[in-house]
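Note that chain A is present in both complexes that follow, paired respectively with chain B and with chain C.
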Partner chain A sequence: MARAVAVVGVGQTRYGNRSEMTYPDLVREGVQAAFADAGLGPEDVDGVVFGTMPSMMEGVAMTHFYFADALRAVGKPLMKTETCGTTGMSLAITGYYWVASGMADVVLVVGSEKMHEGDSQATMSTVAEPFFFRPFTSGAPGIFSMLAQMWMDRHGIPEDKARDAAARVSVDHHRDALDNPYAHIKKAVTMEEVKGAPVIVYPSRLWDICPNSDGACAVIFACEEKVKKMSGKPAWVKGIGFCGDEYWFGDSDKVSWDGARETARQAYEMAGIRDPLKELDVAEIYNPFTYVELQHYECFGFCEAGTAPDRVLDGTFSRGGELPCDPSGGVLCSNPIGATALVRVAEAALQVTGRAGERQVEGARLALSHGLGGVAQFNGIMILGAEQ
Partner chain B sequence: MMRRVAIVEVALSPAGESADNYLDQVYRVCREVLDKAGITREDVGTVVSASSDVFHGGVSCANAYYWDSGAAFLKNGTRQDGESLLAFSYAVMRILTGHYDTALVLGLCKGSENPDNDMITHFFTDPFYQRPLGLNETVAAGLQMRAYLEHSGTTEEQCARVVVKNLGNALRNPNAHRKGRLDVDTVLRSPKVMDPLKELECAPKSEGFVALLLASEDKAKKLTKRPVWFRGFGSSMDFFYLGDRDMGSGVLAQAAKRAYDMAGIRDPVKEIHVAEVTEPYAFQELLWYEGLGFCGPGEGGKFLDTGATAPEGSLPVNPSGGVLAANPYVSRGLCRLAEVTLQIRGQAGERQVDREVETGLAHGTHGFAGQFHAVAVVGA
Partner chain C sequence: MPDKHFHTKKHDVWLPYRFSAGPVFERFFEGLKAGKILGNRCPRCERVLVPARTFCPRCYVDMGQWVEVSQEGRLVTWTMSTEPFFGMRTDLPYVAGLIHLDGTNCNFMHLLGGFETMDIEAVRERLKGSVRVRAVWREEREGDMLDIKYFEAAD
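Right after this comes the complex of A and B.
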């Protein structure tokens, strides 16, 4: 049966344009940071889990070979988990299962991306199959703009109100990122700047959209017995969820979004959470676009369907609000895709262990981390807590 | 106390080029394995697939593409990229935790729709030092074979005999992509591909869609009279740069030891009754005998010569014809496991080995000269 598992160390690189170093060196930076944080060395690790976005992203296929040395994986068992944008969350879940099953005691989990060496939107266009889908699918902004429009239309949300709420999300996160030493985009923006920025794909404007970042993140998972022998504060895995819905975009309803709701249901059930808004102290939502963050508040039961704009505008999800979301600045300010969802896990671990520095949410004990991927097809959640 | 996990049913596609599209092929093996077990998609707890992207599949995030056809719609699932045996071990983990009672494991590769493996594996290289050299898996295998022959005294004839055995075995495997009644001279006279490798010693590029249904002990006993139990798993990763490695031994012995320790196997040559190994280049089967502990270092050729690994031998290896007969790059490890499962259940048809089979071993490798190895041990 499942053993108790905790995060015992996290490592992040600075996100941004890291053209000053090669890709393996970037991976090594994240891995060494996690070892330093956990007070462990490669000899303490039973196995390594690694993943990125597909090979087109950086021009090297099956990068676990290339990075074997940087991952400190030589002579060790390895798993290579990849599920598109959810990769980071699927990596964390793999690490969890490896330890929870008893097949390993300590597992190093690493995600990375070096997006300045490839063309992310061209890569994402190839997620669409070549015959029907690819000719009209061009990267992520178009997909997420369709989601936003469906969502506003279904709930009869006035465009101005949704616009204001999305702008508020952008303003909050860009301010939050100033407190995050790893963040890529560090620029405070005003409501007026967000709303007046150039349209990328309507209704998303420049400051509604994440950057392309280089970066790596590493998280170390350990079983209870090992945790008890370590001095640091553990972040216990309380709940996990993952779900995929229809591949064909036209077949799926991304407003009711059964996949996102089912993901949260799984994670809440395992964690014993009934009222997420009250019980969670902080959430790291995978928010490459401001509007989709609003949708996830609803799908994850933080508020009723169609009410996210009201709750955003009354400050519920801001720092100091009832459930602060993405105090790290989120994906909106740093997006090394293969690492991005794992960064959410790392940030959640820092929050519940009180180690999040300037971006710490006071007294956080229970945190939700989220990953999103595919053509908005996959959702994954890991809930971490200060108590076992 | 660990739960026990069993393979309940398997389904394997033919390895030759198919006119069916990828999604139909995925659906077909899923359907077959569920029908055999007498359950529906709703009864499946979780789905763990193995596939690869762009170069091996033509789409990025291939798991997105086949998610619904692969029975995973609105389910908790995940994907392993590269070595499909990892999908098996991951599904076992998921059942061991008690979160799921059943897991569907898929290995998917439509070889006929993508470029040559040499082109694809060329992109495993780093862009700075190796790629300008034109390194790919076959070049690396040529270097490894030369080193192996020189260090071990193994002969080219012994390597060629692996082809004679495996393609001969494939005559009895209706799913095989390549088969034939060959002699050693024919193999040795086939064109040199990457000296000393000859054309017939290199695997083809094939299709391979494979599904395995796994279940916890209680569930397995309800679903089948012939469960094949998970006993052990191990894997290991080697250095990236060939110059940093000992290509004559490598990390297979580490992977095997981990699997044997978990399975409680002390004398593999006696305790393993059939093995399916991944030998994209003929000499590698001999080298893998050594890594798996079937014989001593440098004795792979002699072990083959004893006849032990023939279908009528004491430890038949690749009675299906192995990867030389069918090489779906990403799913080939799981195909090995499916074959071993059929052997243990006595369902391997004409390729059923002569001896009684209680315990079997499946091996997978990918990367240059065996950079990564995975070993699974299963038993009746």
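Right after this comes the complex of A and C.
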């Protein structure tokens, strides 16, 4: 039986163009913030988990070596994991496993990216193999735009309605990001601006697409025994799920998206959640593109297949709605990729401990955090709760 | 942008790779050179997959019988790119999509063309609804995915 595990500290850097400092210094900023938040020091940590996007993004192949000092990992076991955009969730789940298994009591989990230093678009294009996919995928936006078109077509969703809903998601998140001191893009946009923006990869337009951000995020996981000795409010891990799809993009049905659904099923079963829309108080969906967020509402059972646009337009997922999603502004407004899914975990922890500041969803007790990556290949979920 | 700018160290990494095609992809590419699209059938689940594979991703058994698949099919989804990206081998703007070739059990990724691609509204109009498409080949073929120039509307 797995031990109870909680998040006992989170640290985030400001996201954006952070070219005023070196990459290890940026990692250190996130780590220091997490230690300060938890009231712990490196002497309390049994092991460190670290990850980024594929290392081509950093231009340094062994980032966990490069950052060993910044991570305070010297003399400790150090594990690296990378699953593209899902990296942050894979990191969190790895940290969770380590503590839940009893092999460690306190684990520091860190994700980072400094996207302004390299060519993020080229790095992401190399995620696809070179024979059959790379010439056609247009990096990540192309893949998710194809998903969006398939999803509209399958469910007979009028293009204009999906367009309106995706624009509403963008408007909501850009407004929400104004309340998040760490957010990168701080610009309110209107429905007209989003819908009239230049097409980047149809149907995705400029404000449907996440930015390139620099940033680091650190989260500290601890076992129950350690948690009881600490004074801060813990965010308990209630459920986790992770599911990878098969590699060949054209083989699987990414509308029914069994991998995404299975991820949620695992996490809900572990957390004892039957009706996610009613039981969850807030969700941090991994939303690098507006349309894919709509698909995930359906895959995660927040609404029926094909109805996400209606639910978005009636405000179900907005601040003040039944299940506010991405009150932080989400990936759409800050995307330091290797950190991004871990930011979803950190934000969920802040929400259920009532420490999310201006972006706090009042009375939030149960929060879902999500990571997505690969060629729409990996989904991961961690559900955090105020109660053990 | 940060208030103050510091010196940056420019550094290029140039790493050439040579990816092995192996016998199965090699035969697939030889097929393209001959103007044929080759798939193969899984002896267990009987799906016909294209491009041909070494093993069935689901059954994990070696793929069996080779099949020359239809050069026509149904357009499943598409996207139009207006921005350049790394690895791109075509002019902008271009339209890529997933095509369900007749008689196969998966979708095949390639380009769409043979119509006006400069204007998104024209592309939308052309690709609206259930569109049948067929392969258009290059005259000079060298055993590469772009031996197929693109798929054009067949109806």
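A few points about this structure:
One rule holds in what follows: the second predicted complex is superposed on the first by the 388 of 388 C-alpha atoms of A that agree within 3 Å, B and C clash if a C-alpha of one lies under 4 Å from a C-alpha of the other, contacts with A are read in each partner's own complex, and residues count from 1 in each chain.
Heads up, the rule we're going with is that a contact is a pair of C-beta atoms (placed from the backbone, for glycine too) under 8 Å apart; a residue touches a chain by one contact, two chains touch by 3 or more.
Please read all numbers here as calculations on a predicted model, not as lab measurements.
When both complexes are overlaid on chain A, the residue A:74 reaches chain B alone and has no touch with chain C.
Using the contact criterion defined above for the overlaid structures, shared-chain residue A:388 touches neither chain B nor chain C, since it reaches no partner.
Contacts of A:258 after superposition: chain B is touched, whereas chain C is not reached.
Using the contact criterion defined above for the overlaid structures, shared-chain residue A:247 touches chain B and also reaches chain C. By the touch criterion defined above, A:149 reaches chain C but does not reach chain B. A count of residues in chain A touched by chain B and by chain C gives the higher number to B.
In the superposed model, A:190 makes contact with neither chain B nor chain C.
When the two structures are aligned on the shared chain, A:130 is found in touch with chain B and with chain C. With both structures placed on the common chain, the touch criterion links A:199 to chain C but leaves chain B unconnected.
Looking at chain A, you'll find residues 56, 59, 126, 128-130, 246-248 touch chain B in one structure and chain C in the other.
Of all residues in chain C, only 1-6, 8, 11, 13, 17, 19, 21, 25, 49, 51, 53, 57-58, 76-83, 85-90, 96-98, 106-111, 120, 123-124, 145-146 touch chain A in the complex they form.
Touching chain C in their complex are the following residues of chain A: 17-20, 56, 59, 117, 119, 121-122, 125-126, 128-139, 142, 145-147, 149-150, 153, 159, 198-203, 246-251. Interface of chain B with chain A (complex): residues 2-3, 52-55, 58-61, 63-68, 72-83, 86, 89-90, 92-94, 96-99, 120-121, 123-128, 233-240, 244, 251, 254-255, 258, 366-368, 371-372.
Residue ranges on chain A touching chain B, taken from their complex, read 1-3, 22, 24, 48, 51, 53-56, 59-62, 64-69, 73-84, 90, 93-94, 97-98, 100-103, 123-124, 126-130, 241-248, 258-259, 262, 266, 373-375, 377-378.
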